[in-house]
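One structure coming up, written as structure tokens, with questions to follow.
Chains: A, B, C, D and E, in written order; residue numbering restarts at 1 for each.
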Amino acid sequence: MSLIRYNEAKFESFILSEIPQLPEPEQQVNWYNLTGLADVELFEKFCNRFGVHPLLQEDMLNTSQRPKIETFEGHLFITLKMLFISPEGHIESEHVSFVLGENYLLSFQERPKDLFDPIRKRMEDNGGFVRKKGADYLLYLLLDVIVDHYFLITDSIADRIENLEDEINSKPRNNHSESIQLIRNDLLMLRKLVSPVRDMMGVFTRKQCILIKEDTSPFFFDLSDHVYHLSELIETYRDMNTGLKDLYMNSISLQTNKVIQTLTVVTVIFIPLSFLVGLYGMNFDNMPELHDPNGYFILLGVMVVIVTGMLVLFKKRRWL
Amino acid sequence: MSLIRYNEAKFESFILSEIPQLPEPEQQVNWYNLTGLADVELFEKFCNRFGVHPLLQEDMLNTSQRPKIETFEGHLFITLKMLFISPEGHIESEHVSFVLGENYLLSFQERPKDLFDPIRKRMEDNGGFVRKKGADYLLYLLLDVIVDHYFLITDSIADRIENLEDEINSKPRNNHSESIQLIRNDLLMLRKLVSPVRDMMGVFTRKQCILIKEDTSPFFFDLSDHVYHLSELIETYRDMNTGLKDLYMNSISLQTNKVIQTLTVVTVIFIPLSFLVGLYGMNFDNMPELHDPNGYFILLGVMVVIVTGMLVLFKKRRWL
Amino acid sequence: MSLIRYNEAKFESFILSEIPQLPEPEQQVNWYNLTGLADVELFEKFCNRFGVHPLLQEDMLNTSQRPKIETFEGHLFITLKMLFISPEGHIESEHVSFVLGENYLLSFQERPKDLFDPIRKRMEDNGGFVRKKGADYLLYLLLDVIVDHYFLITDSIADRIENLEDEINSKPRNNHSESIQLIRNDLLMLRKLVSPVRDMMGVFTRKQCILIKEDTSPFFFDLSDHVYHLSELIETYRDMNTGLKDLYMNSISLQTNKVIQTLTVVTVIFIPLSFLVGLYGMNFDNMPELHDPNGYFILLGVMVVIVTGMLVLFKKRRWL
Amino acid sequence: MSLIRYNEAKFESFILSEIPQLPEPEQQVNWYNLTGLADVELFEKFCNRFGVHPLLQEDMLNTSQRPKIETFEGHLFITLKMLFISPEGHIESEHVSFVLGENYLLSFQERPKDLFDPIRKRMEDNGGFVRKKGADYLLYLLLDVIVDHYFLITDSIADRIENLEDEINSKPRNNHSESIQLIRNDLLMLRKLVSPVRDMMGVFTRKQCILIKEDTSPFFFDLSDHVYHLSELIETYRDMNTGLKDLYMNSISLQTNKVIQTLTVVTVIFIPLSFLVGLYGMNFDNMPELHDPNGYFILLGVMVVIVTGMLVLFKKRRWL
Amino acid sequence: MSLIRYNEAKFESFILSEIPQLPEPEQQVNWYNLTGLADVELFEKFCNRFGVHPLLQEDMLNTSQRPKIETFEGHLFITLKMLFISPEGHIESEHVSFVLGENYLLSFQERPKDLFDPIRKRMEDNGGFVRKKGADYLLYLLLDVIVDHYFLITDSIADRIENLEDEINSKPRNNHSESIQLIRNDLLMLRKLVSPVRDMMGVFTRKQCILIKEDTSPFFFDLSDHVYHLSELIETYRDMNTGLKDLYMNSISLQTNKVIQTLTVVTVIFIPLSFLVGLYGMNFDNMPELHDPNGYFILLGVMVVIVTGMLVLFKKRRWL
């Protein structure tokens, strides 16, 4: 549990060991950050101190909660997911919640992550712009960092789609099919997380909440714009992935087609020849051709003619 | 037919053998539960006592009725489906209806099921929170239990999709196609039941009904949120199931492709060899090669060269 | 042309041979039913007597008219389709129109059908409820009968889908493809007829029409509910039919795959054997193996080894 | 350039050789028809005389202009496409524009076409109904003729779809694939032209334009109804065409399947026989069977047994 | 950095080397054009001079910014993409931004491009219409040029689709699959850029912005119309491209089918013949047929009969 208290002039950072008192309504912004949702009792005490509704507390603890925003008795409550790419390339999500009050912001994280560190840093260093604004601007900064991280995920998916497209064009393999399905599922998961965030933005841009001040509003408009862009990107990648599936199926069909052509050409050329040599391998007593001294050579000639004819025919049908 | 009557102080449970009088407007919540819709006469008397419109009575009895909500002369009428997974893994549904009045709630079930037992238990044990609230909160509790059960169904479908995906990636079989179709139909059925429930939620969240009190409203918002989540999950699983179908079709195509490659490689290698051995099995009188003492061994050498050449070619075409 | 005139006390039924006078505004409901649209002149006279707009007359006569509802100078005009299943299993439609006035209802049918007979019967027998209500309730009764008949159609389609699914799972055949296309076209046709009926319902439920009285309104709400359900059913069956198509395509692919596997296994086993027996069928003077007394038996042994090896390999590749 | 001037009593038709004066506001409808947009100068003078905005003039001349409706300074401007089926069966379009003023209508056509002739005729003959109404009713008549012609196009597409369906069911060919793509493109083109016309109808039905008088309004409602119907037909045909594509793909797959079955059956039967006859064609010194006097006949018997067994097997697998 | 200052009477063009003063509110339009966004410091100074909000400055510099429109403290801010076709046929995009003030327009381009030159030219030459209007009309002119360029892109895509369709109908190849995927991705990219531009148009047509004067409004309506048309074209081409994919897949399937038919016909004809000649190549001591003097010729006759029979059969099955 940590507390950062700042205004334009001051910047103080505390580590809290017990539930803090409600901040006095002075001209300072108080940012309480609670990491790790395991100690439920502490969590509940903390929330009750700030008057957070029990249903919201439940939503914060429930890590499978869908992203949502709610305004409740002087609070603005937001819960959403942070997304990371794990070292193995998987997409990992972390449940994060915010409660915005008049002069304070509560943030709740599952695990200690350094995502918000640059913001803390920037606040400490930069006395000016960032610290001049209120808790609503701080909320914007934190949401902006989270949304910017979403773009890392879409970028990585874009890379995977592009690589896969190149590979399929060179040679389709079975695991390509699995890769396409994996990308599909990742995009579905991403869409499930992003689409409620997009809806959430309406609360800011339609100025439904008095906790968001007039001069912070443009920043939330900008954020909303990013989320819309993200949402469009996801749909575009979904379409591209569907295209990839078609590309892959076509590649397999065409490859099958080529293999069958080869089989057909070779079989169709040799089967009549095999018949002919079989014909003159028969043991009938009376087969005049066999006793012709040039019979063998004539047959060889006939076979050359047949092969040539076939090749010309295949050339014309463009099977070679 | 059972009656549970409670307020913050008291909790009474009765088994009713005859149609009850209308509850007096005292500070108590009356929950009438009618199980089994077979005795239509009893049912009608019961409904008429509470002034339920004949059309609504029809909807309660009609088990193929689509989930719906209606406000009628001081009543809020809700009908929806409870869903269970049968021991054999099938999805089973049960028709359930509620009629909410000022200080009473009527519930109608097809069969006696223990779904609502935990709530009865909780009420009996816990004098505090649950019994402090009115009949609208009781309705919320019952609906919440039903909606939570829907998530069991989606979870089981998620498991089936995941298992199927693993199996298809290892070896596609015919019954996979049937399994995909089964999941598809289950999801369609689920969507048909859930989408009217989602629409139903608007009546609560848009505060169209005066029977839902102001302080119960957040709970219905929360419920609405769950139903939206459910609805999104269903769409996501439908998309994943479509992906599964593509995966399966691709697997079959690729498998066919491999089988044909094997056929082609073996045929293309042996067909020219068979021709050659056939050639020297002919019985022409004049075939000089046959009388060469090394003829046989030269031919064997030629055949080794041909096979080697073919294998190199196939290697290059990546058919091996 | 027939006239049924009733109120709570009386019920009279007439066969009209000439254009009737406008009914006097007494406390009776007059239901004029005109069957057969062939006699256009009679039809026009009849309509003009009731002041029906020429454009509406045109719509009633035009049997390819899309279902529609219109309010015109004190009339409510409705045209829609009755659907029947012909004895051969085809879906047949009949154009039917209604004109609702203050105390009368005109109904126009293409052919005499007994669809409305049960209603006539019910009216004659039952003095009470049905005859107590006005012409708007009569309209509801007639529309309800028509919509209930739509469910017969969807039920028959559901049966066809289920049967087809079973058949495809046992053995796919060519005409399955045609059956799927037939169901698709039937569903498209049905949707084309039902979706304007659904839109039509809004006129009743949004109380746009003063001819529909307050106490009949719940019945139209109920009807609207049925039509929505119908509309959802159609979409669900369309989805199931698409699933059927995928199932069928997968079945064919898998069947092809199996046939090719059989071909490959047999060919790959016998082609090397055929080569070997061809090899020792050659007529070279100098082939030492031929003169080995055990040569033949050694070769038989070699061939057994080859076949066994192949079978093991195919077993491992799961082609057997 | 032609002018038709009429009221209930009179009907006059002129061929204009120069730009006309603005018609005086008397009780007559003036219909100016300009054919051929090649003479741009004349066109501009004409438009300027009636005060048509330069941007609208541009839209009239631009034959790739999307259908649109606009109200501008006392004018109602409409541009849309007339569609014809050329003698070769192609769909041809012609750009046509209307400008509706208080007591006049301007119509602009690319080429002289006889589409409007029946209307002229009807006006000349029929003193009554048609000439009683104003310029807005004339506009309705002209639009109605154009929309009715659209139905000819959809009818011809319906025929093509039906024919194709029959042909595919009898025997799929390559050009069917092209035909399906042609129908698809035709329907796309049609939709592109019809959907703005449908949107256009809202201007009439929502009574946004004072130039459309109250008593003409029902006619435009009727027209709007036709366009909606058209729009639905197009979507239905698109769906049916997609179904056709599936039907065709399934047909090819099934045909391939059958061909491969034939190949497999014949190959699998003869390959073991060929091996056997090859076996006894070998030249080993010591092959006891060869010297058995009944060897040949025993072998023939064995082969009959093998073939019979195979046929039974294939029968069971339903490959025959 | 360049400045063009004009009114109906005057036209002046300057190259600016330093940040200009704010233009005085006289009756002149000032068009500042800044090319190259590399010199960020200069850019910021320039923007600050005109009071452009820092967030907007960021959007102008961020070349991956989604097209958007915003009204901010007396400014109308627009950012969108110019699209070009590179000499190699690729689609290239350039980020361009506009800031509209009361009597000035700022335009920002990434690279110097001659897209706006014709407008400069037209202004210089033509004293009349163009220079009579305000900065809002100038904005319209510039946007119109950009949107017109979008049509060049869609036209080029239409050509590619048409060519591809012809090629696929003559002979499908592997790279067709890639071409289809390329067109798909290009259309997705285009849609991503055009759809926000379409939404943007609403600001102009719904007259939300007081900087757009009443008499310029028709021009923006016209522009909006173009963008809608564009948007429809893109959807139509996407549909056509999907059709192309189906066409291609069908072509491959049919081609495979034909190859397999050839293989089957040849194999099925020759395999029984090969068996027969093998049969009489056996070395059994007792094979009566071999010693018949006409045996050979009888066999040849039998084989001719077999081949003829097969050909008739194949003819009937339409495999030839």
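Simple rule for what comes next: contacts are C-beta pairs under 8 Å (C-beta built on N, C-alpha and C of every residue); 3 or more make two chains touch, one makes a residue touch a chain.
Since this is a predicted model, take the numbers as computed values, not measurements.
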Homomeric contact chain C-chain D: same or different residue positions, threshold half: different
Distance between chain centroids, defined by C-alpha means - chain B, chain C (Å): 25
Centre-to-centre distance between chain E and chain C (centres being mean Cα positions), rounded to whole Å: 40
Numbers and ranges of chain E residues touching at least 2 other chains: 249, 253, 256, 260, 263, 267, 271, 274, 278, 281-283, 287
Chain-level touch network, classified as line, ring, star, complete or other: ring
Sequence of touching chains round the ring, chain B onward through chain C: B, C, D, E, A
In the complex with chain C, residue positions of chain B that touch it: 53, 55, 59, 66, 68, 70, 72, 171-172, 174, 177-178, 180-181, 184-185, 188-189, 191-192, 195, 245, 248-249, 252-253, 255-256, 259-260, 262-263, 266-267, 270-271, 273-274, 277-278, 280-283, 287, 289-296, 299
Residues of chain D that touch chain C when the two form their complex: 165, 169, 218-219, 221-222, 225, 228-229, 232-233, 236, 239-240, 243-244, 246-247, 249-251, 253-254, 256-257, 260-261, 263-264, 267-268, 271-272, 274-275, 278-279, 281-287, 318-319
